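The structure under discussion is supplied below as structure tokens; questions concerning it will follow.
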Amino acid sequence: MRHLDTIENLTTVEIEELIDSASSFKSGRYANYSTKHVALMFFENSTRTRFSFECAINRLGAHPYIFDISKSSNQKGETIKDTINNLCAIGINTFVIRTKEEDLIDKLKQIDFYKPVHFINAGKGKSSHPTQALLDYFTMLEKIKTVKNKKVVIIGDIKHSRVAKSNIALLKKFGANIITTAPEYFKEDINGAFFEPDLKKALDGADVVMALRIQNERLDEAISKEDFIKNYSLNMENFPKNAILMHPGPVNRDVEISSELLDSKIGITILNQAENGVYIRMAVIDKILKGQLK
Amino acid sequence: MRHLDTIENLTTVEIEELIDSASSFKSGRYANYSTKHVALMFFENSTRTRFSFECAINRLGAHPYIFDISKSSNQKGETIKDTINNLCAIGINTFVIRTKEEDLIDKLKQIDFYKPVHFINAGKGKSSHPTQALLDYFTMLEKIKTVKNKKVVIIGDIKHSRVAKSNIALLKKFGANIITTAPEYFKEDINGAFFEPDLKKALDGADVVMALRIQNERLDEAISKEDFIKNYSLNMENFPKNAILMHPGPVNRDVEISSELLDSKIGITILNQAENGVYIRMAVIDKILKGQLK
Amino acid sequence: MRHLDTIENLTTVEIEELIDSASSFKSGRYANYSTKHVALMFFENSTRTRFSFECAINRLGAHPYIFDISKSSNQKGETIKDTINNLCAIGINTFVIRTKEEDLIDKLKQIDFYKPVHFINAGKGKSSHPTQALLDYFTMLEKIKTVKNKKVVIIGDIKHSRVAKSNIALLKKFGANIITTAPEYFKEDINGAFFEPDLKKALDGADVVMALRIQNERLDEAISKEDFIKNYSLNMENFPKNAILMHPGPVNRDVEISSELLDSKIGITILNQAENGVYIRMAVIDKILKGQLK
């Protein structure tokens, strides 16, 4: 049984192997898993991550199964253990899961299912989103070769962001100088990152600037949208020269990033991230199906 | 035009051929129906039966089409005859149908469609669920070689259960000694089965014990859940030695079967049923597409 | 960047090439676009057009992606430009779009996306539905060889019908004599067609009779259903000898066309239309992916 649960569980060697594999898929490497069946269990809505995995599965020649939670037997009160046991009996052995529950995948990993199964974390709770961190790292390497001693600034809702947590977990393994910046309400101290409340100071000399998605419903409960934009929005004026701009998407235009900056050449990296995501997900599924991930 | 509507319509030879075919698919037989298109029309929610058919279709190399009733032209008042005529014109010639309506498939079979079409009953009303009975029989044969003169006990909501009806129809063709047991409200006299109200007597010397799913909403209208559990729930104490335990799933844990029994080695047969279901469905679709089923 | 937006944008040579290509797919021509990914973005419900495109994509060996609007990031306030940019980064480069918005595809065509993308209009607003017009023309050619100087009568809700508009745009390119007939409320003067309020006069000597779908909710606001049926419904009595009967479907039985006429041999052409639709859509996608459509 092999899974991708968190970045923390991966060694630097495993991460490098995944990046190399993604890179070779991007260069046209071919695979044919036509006897493999992969379920997409998204307990939270998602367009981009779901389509990215679905596309990765199709490119690998495998079969995707869209598990529509609202129509499933879970409505009939079935436990998720019984659901997965049934699906693995049917022949689906890989489960891509997005969930609000922090400990769901951990619990599932402990269970001795009817047949060996693989779990891939496609975003859980506020703590981790490993394929996003991997695709972000892949994109950084394409642009700046290495993150060692490079200044990576992460901006916005650090507290609720699984993207921030997984990126920090990965970047600190590779020796990056990680700075977080956020309004007080969105602040969280994370091991390996240094907090700087002032955006201007944080951005000074940055190599990578990663804006996080702000959930609109959180903005007005904690800080006014106007205040956030005034103090933490990226634009043509405050964006550091020669840095690369990243965002997990979807961007709230003119909130995290001005439309002008987003639509400039600088904004293109955000689409490179999306493009690279498919190759990372192909690499993860490929490695899991080969039994190479612990 | 060839269909799978009910067990009653199949000869024992046809059933044996389907079991042999399923068995060879389980052993790795390959098929490639890449020019075939199969619609899944589920007018009732179902996770397991739908995914089982979807997986069977993919393994056969054919293309599944998920017909989402709530978004279809049926909402625009189109008759199902016109819908199917249109879909068969498009190139979908096999229809897997789950419906509450007892006579829908019968009616459809009478219609002269634009092109030849096949109907597969994936569960209709309270009367029949032939692929379930076939996969149950396949599983019994794997475990006990033959059902002839074997004691098969079916427990629970006999009255509303299409699983019970199709199993009895099949098992009596092959000479099983069939016993049903249920509270008065769930009782129904079915030709070929003997009713025994007392669970203990029913279970005595059983070779196969099949619990049926109880719909929770039915329990409290007819009999209290506590009374049902007290008198008809299977557990480590009352389960007969050497018998095999079956259930169509999903199980209401601690209602039809205690969690302890379900999670013991004895419970594994229920997952064997699910596993065998895919191969039975492959065999049914294969036989239908070859025009071998009447 | 190449699209199929409107019939008006196609030359007669391009239309003839599409018909020839559809015809060769109908005769068994094979294609394998297994590295191509096509999104179906249906902002309005549709069974037949959606399944027709999905089936065409599968037959071409490509991968369909069903974009469920209600679950997408559009709910999170993402613009459609950003959504499509993201999807084309992922590797989906062809977008089949059905929408109420008249100018959506026009706007999308102006945008410089991250990667080259193709748009296929699967029905927009009240103005155009080019694949329907192409499949209708394909069907007419099969039946009556040419439309030049042939009388084509279009009946019903001309005003709100994109089917009517695209058919007229196409038929006038090929020299048909086009007559529209409708109650006053559904009338619209369209360049290239002659309006005749009296059904009997309109039908006199017709070669092709095309009834349009009436949306029930429109009937009682504008004209009583009884009046419409009395004056504009087609039946065994008023249907012109030797004409062919067409309808885009789904038919409101006994409103636009009597059940008796629909279920007679004359009604079969409506299913020929549906059958031909798949081949037309294969031809359109094939031509677009080859970069042959402007």
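Letters A, B and C name the chains as they come in the text, with residue numbers starting at 1 for each one.
Basically, a residue touches a chain if its C-beta (ideal position, glycine included) is under 8 Å from a C-beta of that chain, and two chains touch if they have at least 3 such contacts.
From a predicted model like this one, the values you see are computed outputs, not experimental measurements.
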So chain A and chain B: same face meeting same face, with over half the numbers shared, or different? different
When chain B is superposed on chain C by its C-alpha atoms, the rotation angle in degrees, nearest 5: 120
Can you work out the whole-Å distance between the CA centroids of chain A and chain B? 41
Two or more other chains in contact with one residue: find those residues in chain A. none
Would you pull the chain A residues touching chain C in the complex into a rising list? 45-48, 51-52, 54-55, 58-59, 216, 249-253, 268, 271-272, 274-275, 277-278
Give the list of chain B residues in touch with chain C in this complex. 35, 37, 63, 65, 67, 71-79, 82-83, 85-87, 89-92, 114
